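Both of the next two complexes hold chain A, though its partner changes from chain B to chain C.
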Partner chain A sequence: MASLARAYGKLLAALICAITVAWVLVLIVVPIGAMLEQSLWWRESGGDITLSIDRLYNEIAVIELDANTATDPAKRAAIESTLEQKRTEIATLEAQETNPPKMYGLANFTRMSSLHLYIFVRTIFYALLVTLLAFIVCYPIAYAVALASGPRKTVILTVALIVPYAINELLRVYAWLMILDYRGVINGLLAWAGFIDLDAREWIPFLENPSAVFLAMIYTYVLFMVFPMVNTLETLDRNQIEAARDLGASTWRIHRRVIIPHAKPGIAVGCIMTFMLSAGSYSVPVIMTRGQGGDWFSQLVYRQFYESNNWNMGSAYAVSLLVVCTAFILIMMRLFGVGLRDIAK
Partner chain B sequence: MRGKDVRLDKVMIRFGDATAVQPLDLTIEAGEFFSILGPSGCGKTTILRAISGFIEPTEGRVLIGGEDMVGKGPNQRPTALIFQNLALFPLMSVAENVAFGLEARGVSRADRLKRAQELLDLVALGGYGDKKPSDLSGGQRQRVAIARALAVEPSVLLLDEPLSALDLKLRQHMRTELRAIQRRVGITFIYITHDQGEALAMSDRVAVMSRGRLEQVATADQLYAEPATPFVATFVGEQNVLRGKLMRTIDGIATVETAVGRVEGRLRAEIGAGAEALVMVRPERIALGGNAGNSVPAKLVARHLEGPSINLDCEAAGQHFMVTMPNGPAVRDLPEDLVLSFGRDDALVFAEGALANG
Partner chain C sequence: MSTATESPAARLVLNIYVGLFCLYLFLPLAVMSAAAFNAYPYPSVTQWQGFTLEWFVALAHDQRLLKGLLNSVIVALGVIAVSIPAGLAGALILTRLSERSGTFLYSVLVSPVLTPGIILGISSLIFWREFGVPGGLFVAVMAQSSFIASYAMLLFLARLQRQDRTLEEAALDLGARHTLVFRRITLPFLAPTAFTAAVVAFLQSFENYNTTVFAIGGEWTLVTEIASRLRFGLSPVINVVGVIFVVLTLLAASAYVVLKGKPKR
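Now for the complex of A and B:
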């Protein structure tokens, strides 16, 4: 703060600090705090209360029948007071039913059903797989772009990579849907070539397989993997590659010993981004599977919020995903031996 | 380690439309310290890259130890290259750097680290194996690069201006060191530089290049005393250049009519009377007074004291003369009017041609 004030003057420094604080507060602390809070309580809206209310109404109906037939005034007064007592009981129970008391605890996290837990684990595994495949696909691309010699080559590759990203993500996913659908481009071509008969429903069901989701996801997130890697690879001194070659190293050894170690921070950033995006992706699995393939965890979170209308459970699911993703970041940073400082570069 | 000879046989190298190296023949003897000297863009680095295998000549052959290198990549040639920026691997330790070539050849870890230690001892860096290159000084990094190149036991070591990043003192020290290392290991060194001081101080022989052409290949002394072309004459050392017309030639001594009168010198070109000619005289070959064949009356314009020597800035009939004299009592109080004289053997007469400094 003091050094900022010295550099920019008091007014501007105060403004910069205020904007930073507002940013952190509004975009990070408040939403995540709200979600954490939601995930830590629930309302006991069990069927027991409803059941007791129903029972009480039944009892009242019986007692009212008794009251109508009773002739003895003393007995009638006793029945009336019981009725009154039952009615107040109903009122309190009904108040409880419409506005159940908040209960704090970790139950939202422990209550996850085994099926949901399975989907959770599978989603993490799939996201890891997408990350790995995206790395395998993107490394050669990033390498080619970063070390392209002429400026023209760089321009072409950049345009080829960036222009697809000017198109809406949903459209890009739908494009893959059209390609892989039952009567899509690939099946259409196979039918045209005479390998399958579409009218006999002999199509290859690409979309019922998780690999369709993988494919669309890799395509959707290629850029996030490629660009961090290009950035670090561009800073590599090409003489180092030539020196390694001159010293007799094979291409594989040059990559393993010289290029990949240099690109580590970029690879770590790319992997983190791709993993986070694919683990939390909603549109791609929804569009690509259309309910034919297995659900991804993000779809469960969505349903908890908007179909079960259980925001507390939904928040707990979302927080679990957040925790696992954060753990993934830390593990990647540890694994690649890069600090936050390297990533910020 | 045994040195091998390198032969360029009618090598020509073209990039697109631009010809980087005109067809040339060059033989570098085994075990020789050979320099290729020239201004930037003269094609010297291109030649080095063709020898190391990073580029294939457009025409002609490169032979190392009599073997044709066509189709052999840099990793298959008996050469090792030291890059201008050294290109040490920053993420590896010094010892790993030196051992990298052996690692690539599948030598076991223990053996290659032992060999790396021997080489680090050779370049007097025995205790630095565990450090990172960034922890070392410029001169130490230089020696690591040499050790790394020597580790693969090359027959020819190629050096691409490796001293240019060092400061003057260190550069002078490394010259002696490089020469000593070359004597010790006995392999062929091919050294690329634009710095004539480096080339003249270290080399057995020097090739001077200009615009993709070989101007002259000779020992350092020959280059300085008997330059073959106006370019070499002006690129190596200083020259006073007089323009004029060749009058006649008798017994190899040419008479040239210049702005300062008739000047006689040794003819170094195949030209006849009437041709445009250049007369060149080294500043230190000019004396004051005397009658050593040629004498030119001139005016003293300025004195520049260099320390052990002094440069006199003179002018005669619009022609500028530089005279270098040893510093001493004789040059303390000079009159404004001087007579500059130089012998016929000290002046060289060339045909009009390209000079080094435009």
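Now for the complex of A and C:
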């Protein structure tokens, strides 16, 4: 802090600190904290309370009937007092019903139904698979862009990669939707070739298959894998490859012992980004499946907030997702021996 | 200039693979663009019913999409206003902190980039409801800024690492006031980066969906409006939006190549 004040003066230093603190608190830490807090409580709006209220009303109705027929004043007073008692009981219960007490605990996490838990696990598994496939698809591309082409071709290739990357994620998904839809391009071509008849609704339902989400997801996030890998591979001295080859190493061995070790930070970053984006993706599954394929976990989270209106449950789902993503990042950083500073490059 | 480290056969395979990959990247976009000009009311390229511009006209009359476009621009400008000062302040502090004490702050400031977008949207939605602010454009600005400010900070950090600090120190030694030094030396040095950061912030904000859809509540941006239409059916009007995006991106990319290509020659 002292060096900040020396460089920019007390006033500016204070302003800089204030802005940074505001950023950390208002945009990052407190909102995440609020979400965590929201996930840890719920309101006991049980059907039990409603039932007891209904029962009390019934009892009152019966007692009132008694009160009307009772002639003995002492008995009548006794009935009145029980009536009063029941009425206050109803009042407290109704207050509880409209504003149930907050209960703290982990119930939002443990209450996740087995179907939702299955979707959660499946989403994580699919995201891992997307990450792995994206890596396999990207490695040759990153290698070609960074090492195997001349500078001119590299510029062209880089632009060729940046253009689709810069186009809106949704529109990229939409392009695949058009291709795989019932009356989409592939079914259209099949109909044109005479294999199927669209008028008889004989199309192939690609969109009802989870692999449609897969295809579009790899298409959407593959470039987040390419760029970090290209960045690290570009710093590899090509002479190292030449030297290895001159010393008789096979192509496979060169990749395994020279190129991949050098690309490690890039691979880690690419995997982290791809996993994080696909595990938390809402756009791709919601557009590709349109409710016909299997749900992705993010869709469940959205419904908790905007359809069931159960923010506590929704927060618990979101926290679960955040925990898995954080764990993945930490594991990757450990495995590949990279720090956070390498990641953000 | 290329290094001939592979056998010709391996080179050929690699080239074919790169070619196929580019096809994979561009063919869907080409299909989407072509369908925008098809007179058929369902976006298609296989059922060609003649060239038309009627979907462009339909877009020009689509009030919800136009309002969404306006909202997108408002949100993006708001994000620039929040994230550029925040990113700059964060970068200035980090360059003055020692490696050790800086790492923790750095981790916190970079963490939103590594957080799934829907979580940023959800946490902002919950946080601002505490203050009685429902989901809408403001919450969308805040949610997006949380990670876009990190990108801005990374850009500023990279620039500050190349800064010659002796210049500022010399000015201070010669008796210039801190504010003057900041205004006349530091800010001009950072101005090009601030511009780049603003462009990046605008683009990131404009095309963001996963964060925005949670934070936007009952309002809508261009992108969330497109998404909600796609759930009910396809329309060539969306393809027109796609064409406009593709053309703008291609123009920007060509400008980039021309500018970048010149000094290299």
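Everything that follows uses one rule, which is that the second predicted complex is superposed on the first by the 325 of 345 C-alpha atoms of A that agree within 3 Å, B and C clash if a C-alpha of one lies under 4 Å from a C-alpha of the other, contacts with A are read in each partner's own complex, and residues count from 1 in each chain.
One rule holds in what follows: a contact is a pair of C-beta atoms (placed from the backbone, for glycine too) under 8 Å apart; a residue touches a chain by one contact, two chains touch by 3 or more.
Everything quoted here is computed from the prediction, not taken from an experiment.
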item: More chain A residues in contact [chain B versus chain C]; value: C
item: Partner chain(s) touched by A:L51 [first = chain B, second = chain C, both, neither]; value: neither
item: Which superposed partner A:D237 touches (first chain B, second chain C, both, neither); value: first
item: Partner chain in contact with A:P261 - chain B first, chain C second, else both or neither; value: first
item: Which of chain B and chain C A:Q38 touches, first, second, both or neither; value: second
item: Chain B versus chain C as contact partner of A:W311, first or second or both or neither; value: second
item: Chain B versus chain C as contact partner of A:V159, first or second or both or neither; value: second
item: Touching partner for A:A249 - first (chain B), second (chain C), both, neither; value: first
item: On chain A, positions contacted by chain B and by chain C; value: 242, 245
item: For the chain B and chain A complex, residues of the former touching the latter; value: 52-54, 73-75, 79-81, 83-85, 87, 89, 91-92, 100-101, 103-105, 148-149, 151-152
item: Residues of chain A touching chain B in the complex; value: 237, 239-240, 242-250, 253, 257-258, 261-262
item: List of chain A residues in touch with chain C within their complex; value: 1, 3-4, 7-12, 15-17, 19-20, 22-24, 26-32, 34-35, 38, 137, 140-141, 143-144, 147-153, 155, 157, 159-164, 166-172, 174-179, 181, 183-185, 188-189, 191-192, 219, 238, 241-242, 245, 251, 272-273, 276-277, 279-283, 286-287, 290-291, 298, 301-302, 305, 311, 314-315, 318, 321-322, 325, 329, 340-341, 343-344
item: Residues of chain C that touch chain A when the two form their complex; value: 1-3, 5-6, 10-11, 14-15, 17-18, 21-22, 24-26, 28-29, 31-32, 35, 42-47, 82, 85-86, 89-90, 92-93, 96, 103, 105-120, 122-127, 130, 142, 145-146, 149-150, 154, 165, 168, 177-179, 181-182, 186, 203, 207, 209-210, 213-214, 223, 226-227, 230-231, 234, 238-239, 241-242, 245-246, 249-250, 252-253, 256-257, 260-261, 264
